[in-house]
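There are two complexes below, and they share chain A, which is joined by chain B in the first and by chain C in the second.
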Partner chain A sequence: MTEQSYNFAYLDEATKRMIRRALLKGLAIPGYQVPFASREMPMPYGWGTGGVQVTAACLIPEDTLKVIDQGADDTTNAVSIRKFFERTAQVRTTETTTEATVIQTRHRIPEVPLAEGQILVYQVPIPEPLRFLEPRESETRRMHALEEYGLMHVKLYEDIARHGAIATSYAYPVKVEGRYVMDPSPIPKFDNPKLGGNAAIQLFGAGREQRIYALPPYTQVVSLDFEDHPFEPSKAEHACDLCGSEVSYLDEVIVDDQGNRMFVCSDTNYCTTRQGEGHTGRLSQKGEAA
Partner chain B sequence: MTLHDVALQQPLFRVESLTKRYGHRIGCADVNFELWPGEVLGIVGESGSGKSTLLGCLAGHLRVEEGRIFYQGRDTLLMPEPERRVLSRTEWAFVHQNPRDGLRMGVSAGGNVGERLMAIGARNYGDIRETATDWLGRVEIASERIDDRPRQFSGGMQQRLQIARNLVTSPRLVFMDEPTGGLDVSVQARLLDLLRGLVRDMGLSVIIVTHDLAVARLLADRLMVMKDGRVIEQGLTDQVLDDPQAAYTQLLVSSVLQV
Partner chain C sequence: MFEAEILSGGFADPAHDRARAFRACLEAMARPGRVQTITGAIPPAPLSAAAGAVLLTLADETTPIFLGRGHDTEAVRKWIAFHCAAPIVAAEDATFAVGIWEDLRPVSQFAVGTAEYPDRSASLIVECDDFDRHTVRLSGPGIETSQTAFLPETDAFVQNAAMFPLGFDSYFAARNEIFALPRSTKVEAL
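Right after this comes the complex of A and B.
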């Protein structure tokens, strides 16, 4: 079978239409989980089947696509999804955040602020923020409908009681426009402040769980917290060892058997751009330390 | 006459010809009663007599086909679901027979007590914890166990924790389904003592279902005896227990072992 036998962006038009309807509904009710008829995709669940379907439904031939996996453009997940759309949609791809019109992401929001006209597509493993507290889907739906979100704070309470601080560091629950509590997918809570008031359209797709939800541009998004334990976006207390940035989210990399480590930007495009501009970090002089 | 007096002249809870069917079988039929502020109503009867069904209907856990239920003059059956839910987590409380049904077993004692507070908008960790500690003290659970899970508690402690969790928002009406079931007698006695104290101090109205006449004697002001889904006798507790009129009530009272 040749690649020409696939429709543009792999999915057939009827499926895309179904997904677009779900997306529009999601945008109309920010934070609400819209059920959709998720399709089998040529990749395993957990690899971004939801995000890929949303991206496929959004793509037009003029788009420029960027795919990131934990901030990086060059890891397996990002490379294979990028290749997938290069082959099935023949769209241009890029690693530069500002050039992209559609960005599919796994677990990060790019460091560079997004602009109007850009679409950020998240891969979501478990869309239900209440799932680990209340296993029954019938009950969680009712809780959303009736705005019964006391349980969400019980989780945060338990965190403080056990660890002395809110230890939830990723998939940190947020409240959208004062109504729906939403799981922002497993992004670090460092990225939470970027969810609110963002100029880009943010779409969330969960393939296995068959849910789509969305944040239109400039939506109010508040991270849940207590008055005396306010929400704090956290990152490693270091500067990037390659580009010297002190404001970006960092990955910790063990570099030898002696336990030496380095910290590098998790957003590879941000890091290389800064290095290109001449910024240096602690390990820049020694060359390829990692 | 002040507004307060008017409120006192109105029953807190009124049930009119309540009927619940399970297909062709009757769950409970044609139940009528009034409950006044500060009053404890006991519902007794043998297993399968419709006690728990009735309680479930009253608390809104089960759908009711016929009859009307008024809480402070408002029909709870016609109330929209969100409003009824707000009622059931602020002014009402439900103590289950099995603490595992009423507690979150994976959440610490403090979190269990704090849940209702957080559900109605408490957002200060320090305050929530302080209230939880206070309530654990009131139900005789040591405050250093606030971060333990209910799993690590004995049956009696779990039941006391469930009571604390329910009473923390100072409800006005408490439904109890066999709160002392499955506990040994000495633990039962302490729990009853505790309940009696709380009911009196907080001025609670209580509807308590039990098959244990001793519990009814200790806690209830008034008693309703049920058989085959119908109320066959009601009146003041002492009156019903000491001078039973209906044949079944006489049998029930005489079945109790005199120690």
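Right after this comes the complex of A and C.
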């Protein structure tokens, strides 16, 4: 059996120790990007190699793992990572948010509030929020050291000058505990309010960029804004067409060649749970819910 | 020396035990002041089971260790050499420091990181008898409102928090229990 010839949770013990030390430093300095010696993983960069390494370093045999990709449990990335850990760590997996102890996520925070005892692991493509403003790592590192975040405010201001509003709609920068400006990974800004005051531990892994950072529970996280242009979490102005929820984040799906479209919850577990409870939306099939 | 004592006392099931011990460290660092159970190590005295487990989980040849005076025994040195392969060094070069509070003072001797790399700092593992007598109130990241805890001293940790994002992080170990105090936690005497 190939999988049994691997160490628990795939990575060797020395690698896990190195990642674990980085995670603890990350928790001690919320929002600060800790460099780590990211390993090659049996999946391409951009498929969550950072998140997978963080998950591997955190998993215990008693864990129940959930993996979501843009909120969905059943997309390729989520299914492959779930299978990877079923094989290499023999952990239980689930699609139910409340049953999971570790949730690896690509670009969403589940709709159901997380609880103590849960760990949310984010897959991060570009951990440096200042990277598109300043390409040199030596400079961005100095900017973080000096708390020199004026450039980020200029960027948001230019958004307002050009579009009349802050046009950034995902990977919206936040300030952690009044100190570090942090990239929350490409989650929609709708999810930003859930970053702060969250009961769960939030860990961020960027494999290609070799950075780990973290938010302990109940950390103060503020989305950057201006007094006259306050931060606004936004979503499509519709209700879910399958479960009728008016508060969840929605995906827009084109359903035919005539340009007809439907809106569905991006959090598939939230949506199916609601449908199971008898909630219906505009396009629910009559009689099927019964 | 007692060879058996030095060669034994590691994790019985290393990958799984280490994962569980790390999870205790992770929960501890994420929720300052809250006590976690950590088991699996049987190190030679005066190392506590908890301190031994933290070392088995986090220390290796890349993490130099400083031993406080009371902990700098041949048995402890050999146990760490065999199980962690970590070099024993002077306080200012240490990634981890182990000892009772009096032996670790003055804590200004430990690395607190640099402005650009505040993670290049020491982690202290402070051996305690118990955590029963709460002396401080903690607040900050990881704490919903406030949390009381035992600390061997208040001033050193107030000063450490004032240096944020620089500073050292601490684990407090007694028997098979630990709690942590990251530099981000604000400390006030009760």
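Couple of notes before you dig in:
One rule holds for everything that comes next: the second predicted complex is superposed on the first by the 284 of 290 C-alpha atoms of A that agree within 3 Å, B and C clash if a C-alpha of one lies under 4 Å from a C-alpha of the other, contacts with A are read in each partner's own complex, and residues count from 1 in each chain.
To be clear about the criterion, a contact is a pair of C-beta atoms (placed from the backbone, for glycine too) under 8 Å apart; a residue touches a chain by one contact, two chains touch by 3 or more.
Small disclaimer: the values here were computed from a predicted structure and weren't measured.
Taken together through their common chain A, the two structures put chain B and chain C side by side without a clash.
An angle of 80 degrees, to the nearest 10, separates chain B from chain C at the C-alpha centre of chain A in the overlay. Between chain B and chain C, C touches the greater number of residues of chain A. Judged by the touch definition given at the top, the superposed model places A:39 against neither chain B nor chain C. By the document's definition of touching, neither partner reaches A:131: not chain B, not chain C.
Contacts of A:235 after superposition: neither chain B nor chain C is touched. Of the two partner chains, chain B is the only one that A:157 touches; chain C does not reach it.
Between chain B and chain C the least C-alpha distance in the superposed model amounts to 10 Å. On chain A, the surface touched by chain B in one complex and the surface touched by chain C in the other have residues 146 in common.
Every residue of chain B that touches chain A in the complex is listed here, in rising order: 81-82, 85, 89, 104, 107-108, 110-111, 114-116, 118-120, 123-126, 128-129, 146-147. Residues 7-9, 13-14, 16-18, 20-30, 32, 34-35, 57-61, 119, 141-142, 144-146, 177, 179-180, 199, 201, 214-220 of chain A touch chain C in their complex.
Contacts from chain A toward chain B in the complex involve residues 133, 146-151, 153-154, 157-158, 160-162, 225-229.
Against chain A, the residues of chain C that register as touching in their complex are 14-16, 18-20, 22-23, 25-27, 29-31, 57-60, 62-63, 114-119, 121, 123, 140-144, 164-165, 169, 182-184.
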